[in-house]
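Reviewing the structure listed below.
Order of writing sets the labels: A, B, C, D and E. Residues in every chain begin at 1.
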Amino acid sequence: MGKKLWLFGLLMLALLIFVACSDKDSEGDAEDTNPGKAETGDENDRTLTIAIGADMVTFDVHDHINTSTEAIHVNMFNYLVKRDNETGEIVPDLAESFENIDDYTWEFKLKEGVTFHNGDELTSADVKYSLERVAYGEELRDYTNYNQIKEVEIIDDYTFRIITHEPEPVLLNRISRIASGILPSKYIEENGFDHFLENPIGTGPFQFVEWVRDDRIVFEVYDDYFGGKNPDWDKLVFRIIPENSTRVSELLTGGVDIAVNVPPADWERVENHEGTYLAQETSNRTLMIFLRSTEGYPTSDQRVREALDLAIDNGAIVESLLGGAGVPTITRVAPGNFGFAEHLYDTYNYDPERAKELLEEAGYPDGFEMTFHSPRGRYLQDAEIAEMVAGMWAQIGVTANIEFMEWSNFVELRNAKENKDAYLLGLGNSMFDAANALDYYSATRFEGETDYRNDELEELLAAAMSNMDPKERSEQYVRAQEIIAEDVAHIVLHQESINIGVSERINYTPTMDEMIYVETITKK
Amino acid sequence: MNYFIKRVLEIIPVLFIISFIVFVLVFVAGDPVALLLPEDAPEEAVETLRTSLGLDDPFYVQYGRYVVNMLQGDFGDSFRYGQDAMSLVLERLPATLELAIASILVAIMIAIPLGIWSSTKKNSSIDLVATGAAVLGKAMPNFWLGIMLILLFSVTLDMLPVSGRGSFSHLILPAITLGTGIAAEMTRLIRSSMLETLSQDYIRTAKSKGLRTGIVVYKHAFRNTLVPVVTIIALQTSTLIGGTLITETVFAWPGIGQLLIQAVNTRDMAIVQACVMVIAFFVIVMNLIADLLYQVLDPRIRYK
Amino acid sequence: MSQLLEVKGLKKSFDVTRGLIKRKKQYLHAVNDVSFSVQKGEVLGIVGESGCGKSTLGNLIIQLLEPTEGEIIFDGVDLRKLPPEQLRKKREDIQMVFQDPFSSLNPRKRVFDIIAEPLKTHGSYNKVELEHEVLQLMDVVGLNRSYLNRYPHEFSGGQRQRIGIARAIALKPKLIICDEPVSALDVSIQSQILNLLKKLQKELQLTYIFIAHGLPAVKHVSDRIAVMYLGKIVELTTKENLFTNPMHPYTEGLLSAIPIPDPTARKDERRLLEGDIPNPVNPPTGCAFHTRCPYKTELCERVEPEFTEKRDGHFTACHHPLKEGKGIISQHEKY
Amino acid sequence: MNDILLEVKQLKTYFFTEDGIVPAVDDVSFNIHKGETVAIVGESGSGKSVTSLSIMRLIEEPGKIVGGEINFEGINLNKVPRMKMREIRGNRIAMVFQEPLTSLNPVFTVGNQLAESIKLHQKKSKKEAREIGIEMLRKVGIARPDKVYDQYPHALSGGMRQRVMIAMALSCSPKLLIADEPTTALDVTIQAQILRLMRDLIKELDTSILLITHDLGVVAEMADTVVVMYGGQVVEKADVFTLFKEPKHPYTKGLMDSSPKIHEWNEELVSIPGTVPSPFEFPIGCKFADRCPHVMNKCKEEIPSLIEIRKGQEVRCWLHSEKVVDLE
Amino acid sequence: MPDSLPMQNNLVKNSKWKRWLKLLLRSKTGTVGLLIVLTIVFVAIFAPWLAPYEHSVIDPLNTHKPPFWMEGGDMANVLGTDNLGRDILSRIIYGSQVSLLVGISSVVLAGVIGVLVGLFAGYFGGFLDAFFMRLADSFLAIPNILLALVMLGVFGPGLMTLILVLGVTNWVQYARIIRGEVLSIKERDFVRAAKTIGVKNRNIIFSHLYPNVISSFIVVATLSVASTIILESSLSFLGLGIQPPQVSWGTILSDGRDYLATSWWLATFPGLAITIAVLGIIFLGDWLRDVMDPRSVK
């Protein structure tokens, strides 16, 4: 029997080794790129490892709406134009120059000598293919952000025009964000899109090596990058580590150089740890409480909404739950966005006494009971914030029954328009334009869900939508934000922070758009 | 042989029932479309997508289509990845298997000596400590243990890598995390099974022959205990795979567990279906193997 | 005496087919063409070694098993043809005493519940009547009345068997099948139970089918004895005949194998049966006993002997029945 | 006498249960001479099996031998180190158990189990052990022993298994064979075969037997000397002829009367009233007092001692001790 | 008759309760287990009176306060406070309610289904049996955490859903155990005796089989209360367990896991509570198994 038992053990062991080995084969040279300890070894020294929380979704740049996926894509694809994170201006990237010809037409000139990772040169045909694919592809997830484009007209290899259906003031914003990456049309036509998905190529500073799903995405530097070969990094590895504490532990032990989404609990640890520091930046994401203005809900009364807003001490939330990282605000449009209203930013209304008065005026001297939906684990400290808000409302006599929801159920609830008095939601704005942000206050979009309506606002928004005069358009948006603030259409809590743990051996400053531009990451 | 064929045939209705259960769940789960599109997608876009995915058809049509496709090993494309669900699942299977097998080995290495040891010293302080340790192993939630192990062995002691899959050292912590819980159950079962075996007449016979205690315990008793132990290991497959869900998340282990959790969170039902079917199939096959091993290990069954 | 039970050509086979390829149906003929009858007030003993089918026979008669073939005519009715509900009612007339006093009593029930169950099932008694009946039954089988509310585990084997007997006689059945009622008991207790069973049989004019694996227990209570071997009755006659003039060589072997509690009677020349009982799935051809029979001829290997009445009231299935006086008790010792 | 092989002197084996101490064997003494067959008779709970296990030192928790001597070939088994005891077990003293099915390990072949003690005690190689093993199987009357050698116990019939057990026990030519109810689980025709086999073999091998049984028939067939036990004590001890001719203890008599007399016609069986009490409920005095037809007041108060009433017959009963006193 | 060890029939004179008490005191672990379980039940029932604070009251100025023996801690919050300034002791005390409720109700639900299925399938056999056993095999092949995960993902987490889901996923083990027992018990002579008496099937099932299988159920059920508590915490880890403001040990533990390195007390005390509870329940269950095993006590 001894023999049989040993045999059994050996078989199990053999199976283990087999499984382990068979998999290593498929990993190819992943073994080499395995960071292990990032500080050790010459080769590792030129490898940058970044820990992210969720896997990339796809290499189909047009078929995802995922910020963290785009944060990876920006390193291997390029947009025609990009937003300068310092100034907020739109500057050329693949394009050499651009020009607004009329309300409907923009003309672009491409840089010459830009090559894809397979050596093909970038031409207008690639741009036409890329933009029209998403502008016409109803099944693509980014379709609604690009179907404003009517056509891409090729003038010559390096010149083309983008023609829109309507006057489109934010066209440049549109094509400097998710789904704006330019794809290699020839490569795709020759090999098919599925082949592209498996072996994607772009024009970016890094080229694709492999993607082990839920584990890692590996890139290597592209020598012929039109912006010059990256001087610091030969290899770029994104590792997927969903559990917060694990990600932080990896950072602390040197397993990764950068860990995104460090929870507030670990900020001090990362900051104080020898060899790491915490890099913070305000994001373009604002946390809000959507209130229901539908007839019959207490929150349909502006005074109630205002009371609820006044009851919340945004400063306390930011201080105690976010460790001071985050900016209390009254408007959703953040600095760096087109249409930013400075007087509504970095401030908040807090006056519980007045709130009680308002409630009494509105006919709720003893408060009322309401339902408050909140996602959990979606935004920084979302559940905690919801609980604290409910606690603050309790101070003015409003009982908010919080119902936490798992994300997909929460989305479902909203889609079915079964949301009750209030829900918590954080919204980003990849366009960096007030149009995108204020769209949430238009009456038709959220009929049955929030039912907020202000006719003056409707007109303003409609006018701004196709106003090609930037100055006037900006004023329109500032006015719109004032109306919204007076109405307390929604309660705006604060602008979230981006919290990234970084190894001391590198310099990195996160950017507001939550993209991870490896070009901005340098060795110390 | 006859028995084997019978057991194999039994798998068919079981897989069928499982597919039905999963399909009903998915059907009830409703519409993934909302999650597929941006939050501000217009109504028509939602409708178009819904129709193109065949989600407008009545239940029996959808089920029929599902069964026909399933028989061809096709669970549809993942909404999230836009790729064939089954191949995505199979891609992860090796990672999960590696973790599962390593965990079983860890569990065996802990449980067999501990179980035997405590059974031969019944009610002694050793037994008490071993039983206590086993219960403790079961009482600790997996994720908690995993995080603690990382903090201790990786962060504080800097001995082992924190997470990910790769070298052998990457495997150690997750295998211990997952193996401990299973070892706990196994220890208890081996102990009670050993106790029962040790009270059998043939043990007395063996002792009456003047054999050393070691031979009596390890040859005569343990060999008989092996039969239930194999069954336990097989039955634990299910728990084990369940445990990988948690362990894989904690250790960023790129296996089925992570894929599945993501899929559930994003209502990526093709993946969920494929995952459940693959896992169920695996569990069933393990049980089948255990059944066959049973026959090898226990001649009584052969002579029945 | 009138006939109470007649069993005609009763057969029971179990499917024990194995193997996938070359699938040959294999049956274990546990009871193979058995016929006999039992008169009212009679005790019929059935003996045989393990695997001879005696317990199966008992279970067939009481309808715990479904026969493959044959008739069981009880009280003029073929039990096999009764619809389920009528059969259930009929059950009050046939009862059973089981072998294992530990497993035959529900451990979660009190003595009262156990003995009262048949009464509750087939009669309508109020609480007082029921208790009265049960207490009387306890008296009859010699159980102390104070045990009424105790649980089976508080009793010894002998006392448990008394409870089982009380349950069996509660409905005053016409026939009781005793399935090895004493083989699990200590020697000194065996005789108590045998005496009790005998006493009850006389007092209540009961009819027994008494199944046992050894002749000693059967001898004491039976009027007639049937000897079974490999699913068949090989000899059936009165007790006196069997012990003085057995006809079947198997009976002779059975008798002589019994150790006699008298050291002076040690006889090394005793004829012992050789070999084991053959596998019942593949019984030998011809006379099933021929593999162990000291008298076997070529005929025995080929032809199965018929079960016929060889002398007055003495049935046997043997080509070469023994001469008179081969028993262990000589004729003149009789009474 | 010099040819005493085993001397059990005032053996006491108690079980220390949580409900109290159970004196399962209480002051038991007897001798076994070379070549002699001694039978211990008694019902369940009489302590006969515990006696045999005590001799083998196989008493397990919570049981413990608390007193007495077991002298085997001049060695006190109660005192020898465990190592030494293991050398005696299976080699000088062997044992056959009641249930041949459960007493054989189901997952090893007959040969494996048979060879085990041959290899251990006779220091034989695997191949030699196989030859000896097969020879032993032939000796116990197994046809085609080389085939049976490689079979698993479950493939064998009950009688065959018991033959294997006997072969195993006798494989090292022990001086003493302890047979604990060796035929109880067998059919009567097989029992007769096994008893005859044992008788033939011990004659051949010059082995003594300690036979544990409840069946007086078996005793009468096999034993030279009989020890009757009740409630952990020896109540009567005599040579087999004396005992069956003139049983003195009321329990011995009761036992004989209640056994069915297969070879004579008698309708009424005399039975011992009552049941064997639980170990905690034995009377203070004579353990049989509650069931004894001749019980006297004295019986309930004081335990009688085992007294030799005539040469070779000892009884533990007040009836007879009185007589002895009277005689003197 | 074999000479069985002379230890049976030794408890004749004790009443049932005395017997149990005696058996309990005899086992140290059993006593400890029962005491732990009784304490937890007591705490759960009287939580509102025992807890120093309401479990959901937040105090932004008093967060991450360590337990009293550490620097910065005091007796106002004996076990410290969490990231929202809630009193950990109070949360654990209240958490016992939900944890026990989930554990016990889901086991009872699963038990009712499982026992009924086991009894009927085992007793009647045939198609009914084949069907339920294939169904059971199917459920067994899906790890229960997986099934729970998918079901909770579909139906949305919540206390009632959780109980229902765990009930539905766990019935199988009871059904199989009960069926197994029924298969062996129905061959026992007392059931055959009931048949020969002519007792109706329904009565055989409920008055003969049920009382004899229920003890195995109780043993397994006890142990699965423990595993349910752990399962609930695992589901909380995945975000699908009990949702706040309801509080269970699992949610406290899983919420506190981000703070294991900084404010260790957030996750350690609920972890300890789970460990102790599970320990107690397993000890109790083991003891129940020992005393309810018909072989151990006659």
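Rule of thumb we're sticking to: contacts are C-beta pairs under 8 Å (C-beta built on N, C-alpha and C of every residue); 3 or more make two chains touch, one makes a residue touch a chain.
For each chain, UniProt lists the protein as follows: A = ABC transporter substrate-binding protein; B, E = ABC transporter permease; C, D = ABC transporter ATP-binding protein.
Here the structure is a predicted model, which means the values were calculated and not measured.
Undergrad: Chains touching chain A and chain B alike, please list them.
TA: Touching chain A and chain B alike, sorted by label: E.
Undergrad: Could you work out how many touching-chain steps separate chain A from chain D at minimum?
TA: 2
Undergrad: Quick one: report the Å distance separating chain B from chain D, using the average Cα coordinate of each chain.
TA: The computed centroid separation for chain B versus chain D comes out at 52 Å.
Undergrad: Counting in whole Å, what is the centre-to-centre distance of chain D and chain E, each centre being its mean C-alpha position?
TA: From the centre of chain D to the centre of chain E is 49 Å.
Undergrad: With centres defined as the mean C-alpha position, give me the chain A-chain C separation in Å.
TA: The computed centroid separation for chain A versus chain C comes out at 86 Å.
Undergrad: Give the residues of chain D touching no fewer than two other chains, as numbers and ranges.
TA: Expected reply: 43-44, 107-108, 214.
Undergrad: Touching two or more other chains, which residues of chain B qualify?
TA: 143, 147, 151, 155, 223, 249, 265, 267, 297
Undergrad: For chain E, jot down the residues that touch at least 2 other chains.
TA: Where chain E meets two or more other chains at a single residue, that happens at 1, 9, 12, 153, 257, 260-261.
Undergrad: For a test of understanding, state which residues of chain B touch chain D in their complex under the given definition.
TA: Against chain D, the touching part of chain B is residues 122, 200-202, 204-212, 220, 223-224, 227, 297-300, 302-304.
Undergrad: Help me check something: in the complex, which residues belonging to chain E touch chain A?
TA: 56-58, 60-61, 63, 83-85, 152-153, 156-157, 239-240, 243-245, 255, 257-263
Undergrad: What residues of chain E sit close enough to touch chain C in their complex?
TA: Chain E residues touching chain C: 1, 9, 12, 188-190, 192-200, 203, 207-208, 211-212, 294, 297-298.
Undergrad: Contact residues on chain B for chain E in the complex?
TA: Residue list for chain B touching chain E: 10, 13-15, 17-18, 21-22, 25-26, 28-29, 128, 131, 135-136, 138-144, 147-148, 151, 155, 238-243, 245-246, 249, 260-261, 264-265, 267, 272, 275-276, 279-281, 283-284, 287.
Undergrad: Which bits of chain C are touching chain E when the two form their complex?
TA: For chain C paired with chain E, touching residues are 59, 62-64, 88-92, 94-96, 98-100, 103-109, 117-118, 121-122, 153-154, 156-157, 164, 167, 171, 184-186.
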